[in-house]
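Common to both upcoming complexes is chain A, partnered first by chain B, then by chain C.
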Partner chain A sequence: MSTPTIPRRSWAQRYHVKGIGWTVLMLVLLVASAQMTGVNVGMFFSNLGQFTNLLVRMSNPAWDYTTVIIQPLLETIQMAILGTTIGAAFAIPFAVLSASNLIHNRWLRGLTRLFLDLVRTLPDLLLAAIFVAIFGIGSTAGVVTLAIFSFGMVSKLFYEVIETIDMGPLEALESVGATKITIIWYAVLPQILNQFISYFLYTLEINVRASTVLGYLGAGGIGVFLQRSLNEFNYNQTAVIILATLVVVLVIDGVSNHLRRVLL
Partner chain B sequence: MQTTITPPTRQRSLWQRWSWLLWVLVIGIIYFWTINGLKFSGFQESAASVSKSILHGLVHPTWSYVYDGSGEDLVSLILQTLAIAFLGTIVSALISVPFAFWAARGPKERYFLRSGSGKVVLTLIRTFPEIVLAIMFIKAVGPGSYAGVLAVSVHSVGMLGKLFGEAIENMDRGSEEAITSAGGRSGQVFVLATVPTIMPEFLSYTLYRFEIAVRSASILGMVGAGGIGTPLIFAIQTRDWSKVGIILLGIVVMVLLIDSLSEQLRKRLI
Partner chain C sequence: MEQTAPIISFKGVNKVYSNGTVGLKDISFDISRGQFLVVVGLSGAGKSTLLRTINRMHEITSGEITVEDESISDYKGKALRLLRRKIGMIFQGFNLINRSSVEKNVLSGRVSYYPTWKTIFGLFSKADKEKAVHSLARVNLAEKLYTRADELSGGQQQRVAIARTLMQDPKIILADEPVASLDPLTTKTVMDTLKRLNQEDGITVIVNLHSVALAREYADRIVGLRAGQLVYDQPIGNVAEGDLDQIYQTPEGAKA
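Showing the complex of A and B:
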């Protein structure tokens, strides 16, 4: 009869080298970051009065300001719709080109994916700052910003959808000699359409959120009024703008969530 | 004798046959409203020349800005941006844990009052624009990266709390039940079963949020909250496109490196 033996732990396991190593690394990084950013916990609490003062002034919204901001709020939604549509339209060919089950040329696929990765690195406000410099202050800069921002996001979501489709119908069409375009139209499109629309709506939600701050840099919409109220220290107006934005975001989220549940 | 086979016809109601027309109409009205509502300022005359100089600046970046040892150069400001994102993410991950347990629907909860209220609070935090938070914190602690850290810490709670909460809702309760049935007290259940089960997912979401925080930390500087955004907005305002070019390159390289590093780490976690 053999006696059961407990497996021996290696030296590294016994002294938790990995865990301790990660903890030490994290602590070092934390201390270094705190030094670099000049974090001073005491200062935050000693100046807490100013912060709460701000919150108190915000908690008393100027409701009569609501009528002023309805038009820019609608403009914000229009910017988001148009920007998302343009971005999604441009995303479709790029999504097809970067899907590994449709395009077998590794170089072409790698190149388009690298391009999409590069587009996705740029934050929305940074794009807005540059396009305001090009197109001038107004909603055009906002629409272009949102179009590029959603292009990067949608194309990635789209090609991931394309890569998960059932390859049976494609092979069937290929075996009877269909062209690439025919295959995409009759075998790929019916499989992905609902998910495309669902991701389109999801991107629209994100863009409505993003578009509310784009105006801060002059790219149209409600953000222009946000900046004005903050610069004039009219925090009760800022509160109205934030609350109105919240309502719009919740309504758009609700509609889009409902539609997506119906679609999928 | 020949029989003809007719395909079965499915009886469809009037609504099923014509509902697509309604959708077309609704979508048509929405787009009509959208395109009519927006005032296109059109291209400024300077748009072409500005774009040309931006492209020229991107091709000819100011390489001397990369490092000059003054502490105001690209490398030190990028490191500062990363520090803002890192610190903000860690703090918000710690704050998010209680929020997540508040917002997660418990297995025995009946009317979802607790979890529902937690979800509403998290949505409120999520919708509060990060830029406005940054401006508020600048009033409290003065301009600089400290305000950026505070803005990232508070704003990230909205998303991390939601993701953590969903992780708790979907977690495998088996190990918790095992410890309970062996007579473990609730504190022991939490430490020995709950925490080890959800830890990998929490870490993975935190890393994911760090990727997003790096992006937001690089633009928070535009309102004065530290990091690389401050010199960027100055360079754009003074039309110093070569400097804009080198800063953009710096941000792109930083984001790509962080994304791939975080992706590697996340792959090893789950």
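Showing the complex of A and C:
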């Protein structure tokens, strides 16, 4: 039996020089950035006691507080739904204009993407601070913040979905003599709708969590109560708020998982 | 066979891609109304390009193409859409909208008869909905009206694509390798359907095929392309057994 001749690997291939090299480089960068930014890992461990202390003080949730926070929690969910829906609705035309397989005009596409990058650069906390200043304390500021935040995020997710579609049906519709809008409606939308819904729910989940933080700045919802309980050192109330938010996030996660399974 | 007036006419057509590749080289020929024309040639010989220049899915570099005695090169916007409306097209990959129903796929062939907003709300007339059923019946698939397109077999999907084309009331059907992804049995069904439309409705049919045997079985006339040039053109009565070998010579072999 003759052994087949196997092509020889180079020295670098045999000893995985590339993989090892990149790993070492990443480690060096990691250590260097820790040192330059002055992160003290030792301090994290020596002060861990305070963290446990906090946990202990939270360990006895004030359950009767639940009745107080249900209303603001609902408001948080409503803010998230409103903000996500408005943001996603505006995202659709921008996603279409950013997709390289639909828009062949490089300038138009580039300009739209630049605008979207700009929107994504603005942190949600900054947006909340601005809109609280404009609309005053309350959920309007929260909804507008969430809408803009979702718009930036969703439009990027959406146009990446659009760029993966099968172009065959588009060609067919074009050969039929359809207008550009009809082509998008008939050949693009059915292909992306399910993933759109999936990403919409994912954004909604993120927004529920984000809006708890936004409440801190006075943008309405459960965050206001979170801040109040922390300021009053009522950690037993804080625990209830965190647990209630967890339940909401779990429910949304469950619903979106279920919908994704049914739809995809 | 008496010669009827040409419905499509190529006059010195050249196509050079932006990277310098020659797609079509000095193509001149006429296609008469009601003809069943088969274009044969190797992959990359320019068959698909030739087909797509007729409905302007591909642009040409020089020369002129006329459809029903009108030069199509300057068509834009609505005029271009009206040209495409009278030219049906069938693809190797069927190009149906998989997640939509057969009915919606078939009706999508009719959208160029409606303003855009009506197509978006799906406001098709009763007559056109009946026409969709009728078109499906012509390809023997009426019972699949409400089935999702991706639940059909390949041969059925291609017949739905033909029904979609029928909704256009086309004068010409372009078929780009319509049977390349089908088995022999469904191949026959699809080719028979095209032949029937050609004979019953007088639709001019232009088909790209790999198989010479199929070409000889269905064509009124066979043209051969090699490296973007028209190297063969005979009515079916004149096609001899060995003729088509020359079309399938590799470009290198031809030069040698």
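The working rule: the second predicted complex is superposed on the first by the 212 of 264 C-alpha atoms of A that agree within 3 Å, B and C clash if a C-alpha of one lies under 4 Å from a C-alpha of the other, contacts with A are read in each partner's own complex, and residues count from 1 in each chain.
The criterion applied here is as follows: a residue touches a chain if its C-beta (ideal position, glycine included) is under 8 Å from a C-beta of that chain, and two chains touch if they have at least 3 such contacts.
Note that this is a predicted model, so its numbers are computed, not measured.
Asks: Tell me which partner A:L230 touches in the superposition: chain B (first), chain C (second), both or neither.
Replies: Touch partner of A:L230: chain B, not chain C.
Asks: Look at A:E174 in the shared chain and tell me whether it touches chain B only, chain C only, both, or neither; answer first, second, both or neither.
Replies: It touches chain C, and chain B stays clear.
Asks: Please work out whether A:A89 is in contact with chain B alone, chain C alone, both, or neither, and reply first, second, both or neither.
Replies: neither
Asks: Under the stated touch criterion, which partner chain does A:L108 make contact with: chain B (first), chain C (second), both, or neither?
Replies: neither
Asks: More residues of chain A are touched by which chain, chain B or chain C?
Replies: The partner with more contacted residues on chain A is B.
Asks: For chain A, what residues appear in both contact lists, the one with chain B and the one with chain C?
Replies: none
Asks: Where on chain A does chain B make contact in their complex?
Replies: It is residues 26, 29-30, 32-34, 36-40, 43-44, 47-48, 50-51, 54-55, 74-75, 78-79, 81-82, 85, 117-118, 121-126, 129-130, 133-140, 143, 209, 212-213, 216-217, 226, 230, 238, 242, 245-246, 249-250 of chain A that touch chain B.
Asks: Can you check the complex and tell me which residues of chain C touch chain A?
Replies: Answer in residue numbers: 55, 57, 80-85, 87-89, 91, 93-100, 104, 108-109, 111-112, 116, 119-120, 161, 164, 168.
Asks: Per the contact definition, I'd like the list of chain B residues that touch chain A in the complex.
Replies: Within the complex, chain B touches chain A at residues 30-31, 33-35, 37-44, 47, 50-51, 54, 79-80, 82-84, 86-87, 90, 123-124, 127-132, 135-137, 139-141, 144-146, 148-150, 215-216, 218-219, 222-223, 226, 229, 232-233, 236, 239, 244, 248, 251-252, 255-256, 259.
Asks: Provide the residue numbers of chain A that touch chain C in the complex, in ascending order.
Replies: Residues 166, 168-169, 171-179, 181-182, 185-187, 190-191, 193-194 of chain A touch chain C in their complex.
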